[in-house]
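Naming follows writing order (A, B, C, D, E and F), and every chain is counted from residue 1.
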C-alpha cells in the first residue's frame, strides 16, 4: 500500500531517468505534485508572464491575472512604472480587485474599505483612530507592515513578468541571450493590443508545454499545416533551447529554400496528414506579408512557465498559460499588432486570427490532443511516456523531426522540482 | 515536503496566536480541518439549531435537515414532544426520510420497508419471522438494538436544537443567561412560520460566522445601511458575547439618542459608504413599527454553530447555517412573524423581506464578501488575517467599530478544535 | 487524529466481521479504497466483462469501453479472433481510439500518427528513419517493445471478458460450473444485439452489486413486481452463488407451482408493496412467451465484477457495471434477442424494454435506492450495515427472503482486498 | 398561411411541455390520438439503426399505464422538470399530417434546490388534426444525453 | 385572432427578457403599469402556501427603487444573465386582462467566463393593454432553484 | 404586419439553428448572402472595443472553407450541439434590411453522453430579402462564455 499512501514523487526511483526521455504520467494528475509545483515553480525561482505593457498603457490601468493559481494584479503606477501584488487584502483576506481590467489610483477592499495604492501600499483604514471615544486600531498598528504582498516586476520588450522569488536572477538573464534574440525578432517595434480569447482545457498545463516544444506533432496532427505548406518537415527549421536551464525554447519553420518535394515525404510515410484534393476558395487567409529579416511561417517560443510567444504568418499572439489544478489549464491568447500597422495589414492579422485560438484552423487540435493524453494516462501514474525522437543526435537543431526540446524541458523541470534528488536516493 | 504531507493543523505553531487576532487561512479551505470540525464541533459538545417548533406544529410533522453535514430529521412525536434522528436506515444505510417536510407517524425505508416511529425506534421488519418455512431474521435479532441513531433534542423559546453529545451541558446553560435574554427579546410571544429562502455560497461557513460578528463591516460594506440610517457608526450599540466559551454573540444597533452627525464621520473617512444623493421613491420598506422595549434597527445574534437570530426593522428571521464541505455553506433564512400580527404588520414584515435574504438590500453583499475571502486566500493557507480593531479596549461593548466578537469566536473555536494544544507543542 | 490520517482500511479492526454481515460504510465513499480496488480487483485476478461478441461481428470491428476506470478497446481481429488493449498510446499516452464504436484494421494515434494493428501491436512510427539527413528514432528503438498494453481476452457463450492478470484461472474456471449452467440457459443460441441504454448513478458500484444480490429488496422496493406477480415472495426461487470465491451469484424467480396466496403474505406484513386496486389497460407488456426449460420471470446473475446477466420475462440484457470514482457508477444495459426471433417475439422484447433500463417499470427504483444509501452513509464511514436476513439458515437456497448472496459477496470482496489480514491484525 | 400553421404548432408544443412542467400528467395522453406512437430512445442507438428504447408505447393505453404507474407504483425522488423547445421546423404531408422537428432541453431541479441540465435531444413528431384540434400521432424523443442521470421517471 | 394575440404576447416576453439581458435596467419598470405587483418567490414556499419572497414589489416605484439601489448601493460581482422562455400559454379574462404562464431559464456567466444554470422557474403574469401597449399588471417569478447561488442581484 | 415578419424571422432563426443541430453544415453557408459577414467574438472584447475574434469570415467563400476544413482537415471529438434561441427583437431599416437580436444557448453533449452548457451569447444579425427569401447579410455571435471549453469546432 506504500504507493497509495506516499506522494508519488517520494516512491523510490520516481522520475529516475535523468535524460528526460521517460516521464511518469503521475506528474499530469497528482494533486500533491501540483501543490508542490505551486511552491517550487510558481513561487520559486521563475519569472511569470502577466501580460503586455500595451494592456495597461495609462497610469492607474490594471489587470487581474494569476501567477500559478495565486490571484495577482498588475498595475501601471502613477509614475508610469509597473507593479504587481497578490490580490488578497491585508486585513482579512478578501480579493481587493474585483474586476478583470480597469483604471484606479486607489484600490478599496469592499469588505471594510481598507484602501491601497497602485503599488499595493496601505493607504487608509476606516475609523483607524476610532471615533468619539470609541477605540480604533491599537496604537502599535503600523500601516507600513500591512501592505499587500508585492512581487518583483520587470518587463522585457513590453512583456511583463513577475516573481515571488528574491533569489532568481534578473529577468534578462532568466530569459537569456539566445531566447532574447528571438523575442526581439517579434517585438522589434511598439505593439498595439487587439484583445484576447480564452481556452480552457481539461488537461495538465505541462501537456501544453510539451505541445509547444514538439515540432514532430505539428507536422502530423495539424493537417491544415501540411496541406497548405505552412509548416512541414522539409522546411528549414530552428529548434533551440535557452543556454542555462533548458526550460525555454523556440521552434521556427522557415519557408525559403525549402525542399519542395516535402509532400512526397508524407506520402512515403503514407499517413493521412497530407491531402492533395483539398483547397480553399478564399486563400487570403494564407497571405504572408514579409515583415521580418527571417521569413518564418511559424515562430513558437515558450518562455517558462507562463508564456508562449507566437507568430504564425502575420498573426501575433502572446499566449498565457495558467494552471487550474492538476487536471485543467487555461490558455489566454493575447492578440497584438504593431502600432504602425496599415489598415490592410491590421485587417490581415485579424483575419488570420482564424488560424489560432480556440477555433483556430491550426491550433484547435492541440487542446484536443492534450486532453486525450490526460484521459489516457489518469490510471497509470507509474507508467511513462517514451520520448526518443532524435535522441541520439542532440546537436541537430535544424530539424522538425525531434523531441529534444521536450527532453530538455523535463530535465529542467525535474531539477526545479528536486526530483533528481529524490530519485537519486531511489536509484 | 512535511507541510504538504502533514495535516496543516499539525504543523508546529499552527494557529499559535492565543488571542484570536491571527487566523491561518488554511482553516477556510482544508478538507482535513473540515472533517475534524464535523467530529469535534458538530458531533462534539455543541447544540445545533434544527428549526422552529412552528415548522412542525402537529404530531407527526417532520422536517429533513442537517447537523453539520449529517442528514438529520426533526419530528413532532405523537405525544407532541420533539425528536431527532440521523436519516440513515439501521438496516443497510439508506436515507429513510426522502422529503423535506411532511407528516407521518411511521417512517418506512423504501429499500426493504423497515419502519420506524417518530422517535426513530424500529417498528417493523418485513418477513422478520420468515414465511412458510423460509427463514426470516435470526432468533437473536433484537429490534431494540436497531433503532435509528437518536439525538438529544431540546427547544428554547420555540427554537429547536439537537446534539450528538452526552457530555454537553443542558441547552439553557449552553446558551447562557446573557444570550438567553436577547433571544427572549425577539421570542417574547408565539411566532408563526412564514417560509424560508436559501442561499448557497462558495465559501467556508466560518467566514459567515465572522461576518455576523463584525459590526465594523456592517457600516462599510452595506451602503444601504448607512445611507438610510439603518445601521451606522454613532448609533448606540451592544456588542456582547456569552459568558462561557465566547462563541455566541450579539450585535444590536439602537437608534434613539444617536449622534445625528454620524453622516459627517463617514465623510471624514472619505469612504464611499455614504451617498447623500440617494433616496427611495417608496420608503414604506424602511418603516420601523416599535414592538420591543429597546427599539433596535438591527439585532444580529449568532448562537454557535448553526443559528443566527435576526431582527432588522420589523423583519424577523432565524438563519440556519449549514457547512457543505470546506468551500461551501448553505444559509437558510427562516422568516417568521408573531401569531397575533395585524394584517398590516404581517404585510410589512413580508415587504421588509426585501431587506434580507439572497436578494436583500442589506444582506446580499455578505456572501459576496465571504466568497472574495475564499478566493483570495485559497493558495495561502499559512498566511493569516489581521484582526486588531479595538483589541486594546477589550471591555468596550457599546461600539460598532470593533472586531472583539470575532477574536472571541476564534479563541473559542481554537479551544474546541484543540488547536491550542497542538500549537502549544509547536510554540 | 489517527483516524483522519490513516487510510480507513488500515485502522485496527476495520471490516473485522468475517461473515460478511457487517460492512463499514467507508467502503462506499473512500477514495483510497477505490484506488485500491482498481489495483486489487480490476487489475487483479478477475475477468472483466467488456461486451458481447455480437457487438463486433466483423473483422476490424471495435468498441471502446473500460476495465474498472482504465480505458480499454475490444476488437475483432482480421482473423476473426478477439483482442483488447489499454487505450493509451505507447508514445506519449494519448487515447488512440477516439470513438465508441467503429471498424478499422489499423488504429492511428492522432497526435503523431503512430499506428497499431487490431491486436495493439505497433505498426508504424512516422519519420522513424528520419528524412534527408535529419535523424529519426535511435537505432536501438525496437517497435516490438512499444506495443499497446495488451490484455488477456476470452469469451464465454458470446460474452467477452478481459483480464490484466497473468495468474487468474482460465475464464471458464473463473465462472465455474454452477454459474456457467445458468449463463448457458440464457445464451443457448446465437444472439443479436439490439442496442444499449446508459444510466449514471451518484453512488458506489458495490451498492449496485448488493442490489442485484438482494431478492429481499426486489419483493419490497418494486411495487410493480409484486402487484403484477412478476416477482414476489412465495415464488419458487433459486438463490445460489458460485462454488469458489462466492462473488458471482444468481437469483431466479419461478412462477409455476407458486403459492397463490402470496398476496396475503404482503397484507400480513401490512407494507405498501401490494396494491390491489391497480391494473394495466394494455398488459401486452406483461406477456411471458415460454422459451426456456425453466419458466422464470426473473433471472438476475452478477458475474463479478462487471457483468449482470438478466432475463425478465422476454427481455434479455447483459448489464455492464463500471465504477466512476468512489461516488459514481455507470450501468450499461446491452439489450439483445436471438438471431432467430420471429418479428412478433422481437417486438415483444423491445416493448418489454419498458420494464428495465433507466426508465424501467421494475428497475428505475434501484439506482434511486443506491443513491439513498450513498447519501445516508457518507459521514459515517465507521458505522456498518446489518446484513442478517436468513443468516442462521446458510443452506436455504430456495427462498427470496435472504441476504446470503450479499454476505457471500462481502466475504469474497474482503479476501480479494486483503482486508481479512489487516483486520486480523486489528482483531 | 403557413405562418398561421406555424403558430398553431408552436402553441401545441408549448401546451405539451407546459402540461408536463405543471405536473398535469393525466392530461398528457389526451394530447395524443388513440392509435399513437411514443418513444424515448438514445441518439446513439438511432444512429446505429438499433431499436433499444427506454420508453416505448404503441398505444394511448400504454401512455395512461405509464402515468398510473408513476402515480401509484414507482418510487423516485421528487423532482421538477422544465422543458425548453427551439428550432421548430415542419412540413405538411400529402396525407394532411404534419411532420415536425424541434430541439428540446430539460432542466432538472432536485429537492436540494439545484438545477442541472438533465437532457437534450430532438422531437420527431407527426401531428394530425382530430375534430379540429391538433394531436400527436407520433412523438419520438431522440435524446443526446446518453448517460441518463439516476433515472428517467417523467415523460419528455 | 388568438394567434395574433399570441404573437403579441411572445413579443412582449421577448422584449422583457432582452431588456434585462442587455442591461437596460432603467427600462425594466416601464414595462409594468403604475399599480403593479412583482415578486420573486421559491416554489417551495408557494407549494406550502407560505408567503416569504426574496423580492416583493407592490408598486412601480419599488421597481425603480430596486434599480436605483442596484446601480448605486449594492455590491455584487459583474455577471451576465441570459433568459430563455418557453411553454407560453395564456387565457383572456372577462375583464380584458390576459393571464399568461411560461417557463424560464436563466444562465449566468461569471467574470471568469463560465456559464452555469442559475435558475429555472415559472412566470405567472397578468398582462393588460394600456394606451395601446401591453404591460405587466402582475409578474410573479416562482423559481425552482431554491438554492440561490451566492446572491440574486438582477431582476428575473 | 410586423407579426407576420416576426413569424418569418423566427422561422429563419429556427431553420438556422436546426441546420446546425442536424449536422447539415454544407447547408449553413446557403443561409447567407454572397457578400456576408460572420463573426464569433467574446463579449469581453466587444465591450472594450477590441477586435480579436475566434472566427471571422467576410465572405460566403470563407464560410464554405470553414465547412470543408471541418469535414476534411480538423480533428475534434465527436460532439452534439443543441442551440436554443429566445428574446428575439428586430427593427426594419430604411434600406429594407432588418436588424435582429436574440439570445442563444448552446448545450454540448460529449461522446460519454454528458450534456453541459457550452456557450451563451447574443446574435446580432442583419437580414435581407434575396429572391423572396430571407438571408443573413451579417451574423455576429457575441459570446458571454469567454472560457471556451476545449475548443470551438462547429459554427454557432
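The rule is short, and it goes like this: a residue touches a chain if its C-beta (ideal position, glycine included) is under 8 Å from a C-beta of that chain, and two chains touch if they have at least 3 such contacts.
Here the structure is a predicted model, which means the values were calculated and not measured.
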*What is the set of chains touching both chain A and chain F?*
C, E
*Among the other chains, which touch chain B and chain D together?*
C, E
*asked:* Contact counts by the stated rule: is the higher one at C-F or E-F?
replied: E-F
*For chain A and chain E, what's the span in angstrom between their mean Cα positions?*
44
*Geometric centre distance via CA averages, chain E-chain D, whole Å*: 27
*asked:* I'd like the Å distance between the centres of chain B and chain E, where a centre is the mean of that chain's Cα atoms.
replied: 31
*Which chain F residues touch at least two other chains?*
7, 42, 44, 75, 77, 84, 86, 105, 113, 117, 146-147
*Of all the residues in chain C, which ones touch at least 2 other chains?*
98, 100, 110, 198, 200, 221, 365, 368
_Interchain contacts (touch definition) - all pairs_ = A-B, A-C, A-E, A-F, B-C, B-D, B-E, C-D, C-F, D-E, D-F, E-F
*Name, in rising order, each residue of chain E that touches chain F in their complex.*
4, 7-8, 11, 14-15, 17-18, 21-22, 80, 82-86, 105, 107, 109, 112-117
*Within their complex, state which residues of chain C touch chain F.*
98-100, 110, 198, 200
_Quick check on the complex: what are the chain E residues that touch chain D?_
3, 6-7, 42-44, 84, 86-89, 101-103, 105, 117-122, 144-147
*In their complex, what parts of chain F are in touch with chain A?*
40, 42, 44-45, 48, 50-59, 61-62, 64-65, 68-69, 72-77, 146-153
_Using the touch definition from the top, list the residues of chain B that touch chain A in their complex._
1, 4-5, 25, 210, 216-217, 220-221, 233-234, 259, 265, 269, 271-273, 365, 368-369, 372-373, 375-380, 383, 385-393, 396, 398-402
